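Presented below are the structures under discussion, each in the form of structure tokens.
Here chain A shows up in two complexes: once beside chain B, once beside chain C.
Now for the complex of A and B:
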């Protein structure tokens, strides 16, 4: 049962954290939470389909189907996160004296925001959820083992969601002036972490060449440890990143980084006028 | 958007061409939630192709933090996982769905 708890917790943690972050943003931007039900539905249904067709997916494209599909899902999430970052950056850099209109997202962008939220959360859930379905399918004809695994799964999912709830309240209680910069920083790092996963998928099927890791920080924070797992889920922590993963990371965080610098520079310019 | 997709497809093609070069291949089997062999010796500084065959009816996930790899292998299916080039040392791996029994190690030697 403990195995099931840990496995499910690992799988749901990332999706739970992403959901909490996006809900906290919805709270700060006074957006509706309704998108989350729809995203949950899409994510669960999608994960079931991925698990149901796992054999076909794994066999596709010379046995590289699983990795390529994962990479595609990661990429969709990364692009959505970068777009989301670009959309909310102007709010973070809006002069404090400006009231309402300039400090919130234009109503005509609401639909795009909801779409990005749904893609980011449901695609993350899909990938992780599929593994849970596959894991549980092993106990299909063993009633006793199944009930034990299901209890473990419920406990694991409960812990994951509790952690998500804590993150949500921490972010929701932050004042808006602090929330937006922190949120943008976290999602930028998250996107960077996901891009390392893309590189990992491509190395696993031999499309990209692996190399000696840039560093080994496993003595500091081990990925097996709780802190390691949490950092992995939140910012894609990897204790032994390869050079190609480093390049992917830098390329991914560059757009938001440059946009931030540009906004900061413009804000200074305005202040001087 | 379309030029980006074309560009990605083109890059994939180039990568595929590079990958076609021959690499040493090793096979690991999963039986009764155990890895056979549980210790595999592979050459150092070489890209290696692992074929993991799951003889069990139940799914398993090949996972290794040290090798930075994870892959779900359905019951009765086989998976291809590229690892390396690696420096000499021990790289443990395990089956995430049966971590108590499914344990193994890849020993990289010069």
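Now for the complex of A and C:
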């Protein structure tokens, strides 16, 4: 049961965190929540399909199908997160006195925002969900073990969703001035974590060389401990990152980091005027 | 936060789930440790049992040199305990059927894990009571784990199943708790816009008492303010009627006395007429206000009223050389005759006033399914799109005081029209005239079913109208 709890919690928590963040952003930008139902539907259906054709996918492209597909899904999410960060950054750095329209997203960008929300959440859910389906399908013919796994899954999903709900309300109750910088920081870290996973997938199929890790922080926080799992779900924690993973991480966070510095510099310039 | 109930249900359920599942996990881990201890205890008891039986039995069959093989249990079991009996020098004396013929672990006292026969085994090595031999008791780790877990899961199941039940209970309890808020919102929603009586404070929970009191204070102040406003405009207009009538007479007298009348007297006369018109319009606006409308609703022949309005305004039409057209079906609506007459007079009056000399005006009444559409159309300057909503505001005139039509008006005509439309639950739309330029006003009413009695009454009224018209002509 404990294995099921940990595995499902890790997957559900990651999806719940992404959903909570995006819903809280919708709340702050006074956008509709309807996109989440559509994204949920696409994510669940997509995850089932990925799990159902898991063997075919794994055998495709000389046995590298699974890793390449995962990397593609991660990349789509990362690009969407960076685009979203670019759209939100001007709002976070808008002078506090401006009510609108500088403090809100232009109506013609709403469609793009909804599209990014759907891609980020449904693609993440597809990946996480597929792992859950595959895990549970392993107990198909073992009724006793299946019931234990299901109970574990229910406990893991319950904890993950509860934490997601609480995170959502914490963000929703935060003032906009605090929420936007926190949101941008969290999604930047999230995108950085995902980029390390892309590197990992590409290393697994030999497209990238896996060198010695940069450091080993497993003595501090083990990846498979509760805290490690939590950090993995929140910021893609890796206790033994390789130099390639580090480069991927830096490449991912650089656009948002530079854009933030540029906006901050412009805001300062405006304040002096 | 879109809903207090939704927020509380989700947050409370999340907290209960977290607490419940954290307790379940804690309980699971603790129980697994305890089960481990109990199973180890059971292995030690097994060693005791072997100690009681095997040495004596071996003595009785000491002649045997081979290994004693104990048969496997015949009945199915979820878990079984297996054993080996070994001499100090590692020679196997006896074993159960599931154990191999070799000694499975080094003879060092204690518990440990060993792999054999494709399984992982939990093994206890213990010396015999006489310290001359060793007992090795083994149990399959997977069976042991499953047995312990199935026992503990019995305690975890209800905790998981309870969550949806707890969710439903929280939902229901919060619904009951928030009932006064729902009732208050319902009471406010059900109210007519003009209903300003105080909210009921009986059985109101302490949290809502202050809110209700403040709302009641506000309603009282609003009520008093509306009453003052109503009284003031009605009374002022009514009180002004008499002095204006006197002014009119004096002005006429002055014009008679000063022949030819100077320009300033003519302007005075125009001013008095304008003031008189304004007072009449204010009174009309007051009478058609929904909160003190005194009329009676009855089936009314709208087509006839429209024709009558044309007749009533024939002088003005002639003065400006307008061409008037009338088309349409015989339409009946349920309404107040006087209010509908003022609606028609105002619409037609506006068309006459604002259409330049020699213009075209049309009045149509169409029966469209269950609707009656009244159209008043002209080829005047029309109203720009952006102004079409504002023209219904009181005292609002296109172009403000410098109205380019140079026609007298007070900006109340369309406000009166809107009030009459609202009184009849009708719908008004201002659009582009079909003449190419100008305004088309469309008022859509719900058609009224006409009975024979209504038709007779209408015919009777028609003959009375005709007689009155004849008398007027004769006079």
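Basically, the second predicted complex is superposed on the first by the 273 of 273 C-alpha atoms of A that agree within 3 Å, B and C clash if a C-alpha of one lies under 4 Å from a C-alpha of the other, contacts with A are read in each partner's own complex, and residues count from 1 in each chain.
Heads up, the rule we're going with is that a residue touches a chain if its C-beta (ideal position, glycine included) is under 8 Å from a C-beta of that chain, and two chains touch if they have at least 3 such contacts.
Everything quoted here is computed from the prediction, not taken from an experiment.
Student: Based on the shared chain A superposition, would you classify chain B and chain C as clashing or fitting together?
Tutor: fit
Student: What is the contact status of A:63 with respect to chain B (first) and chain C (second): first, second, both, or neither?
Tutor: first
Student: Look at A:206 in the shared chain and tell me whether it touches chain B only, chain C only, both, or neither; answer first, second, both or neither.
Tutor: first
Student: Taking the superposition on A as described, I'd like to know which of chain B and chain C A:223 touches: first, second, both or neither.
Tutor: After superposing on A, A:223 lies in contact with chain B but is clear of chain C.
Student: Could you figure out whether chain B or chain C reaches more residues of chain A?
Tutor: B
Student: Shortest C-alpha to C-alpha distance from chain B to chain C once the two structures are superposed, in angstrom?
Tutor: Across the overlay, chain B reaches chain C at a minimum of 8 Å between C-alpha atoms.
Student: Within their complex, state which residues of chain A touch chain B.
Tutor: 3, 7, 54-55, 58-59, 63-64, 66-67, 131, 134-135, 137-138, 200, 202-213, 218, 222-224, 238-240, 242
Student: Once bound in the complex, which stretches of chain C touch chain A?
Tutor: Going by the criterion above, the answer is residues 1, 7, 10-11, 13-15, 17-18, 20-22, 24-25, 28-29, 146, 149-150, 153, 156-157, 160, 163.
Student: Under the stated contact criterion, what part of chain B meets chain A in this complex?
Tutor: 12, 15-16, 19, 23, 47, 49, 58-59, 61, 65-66, 68-69, 71-75, 77-87, 96-100
Student: Of all residues in chain A, which touch chain C in the complex?
Tutor: 1-2, 5, 144-145, 147-148, 151, 154-155, 158-159, 161-163, 165-166, 169, 172-173
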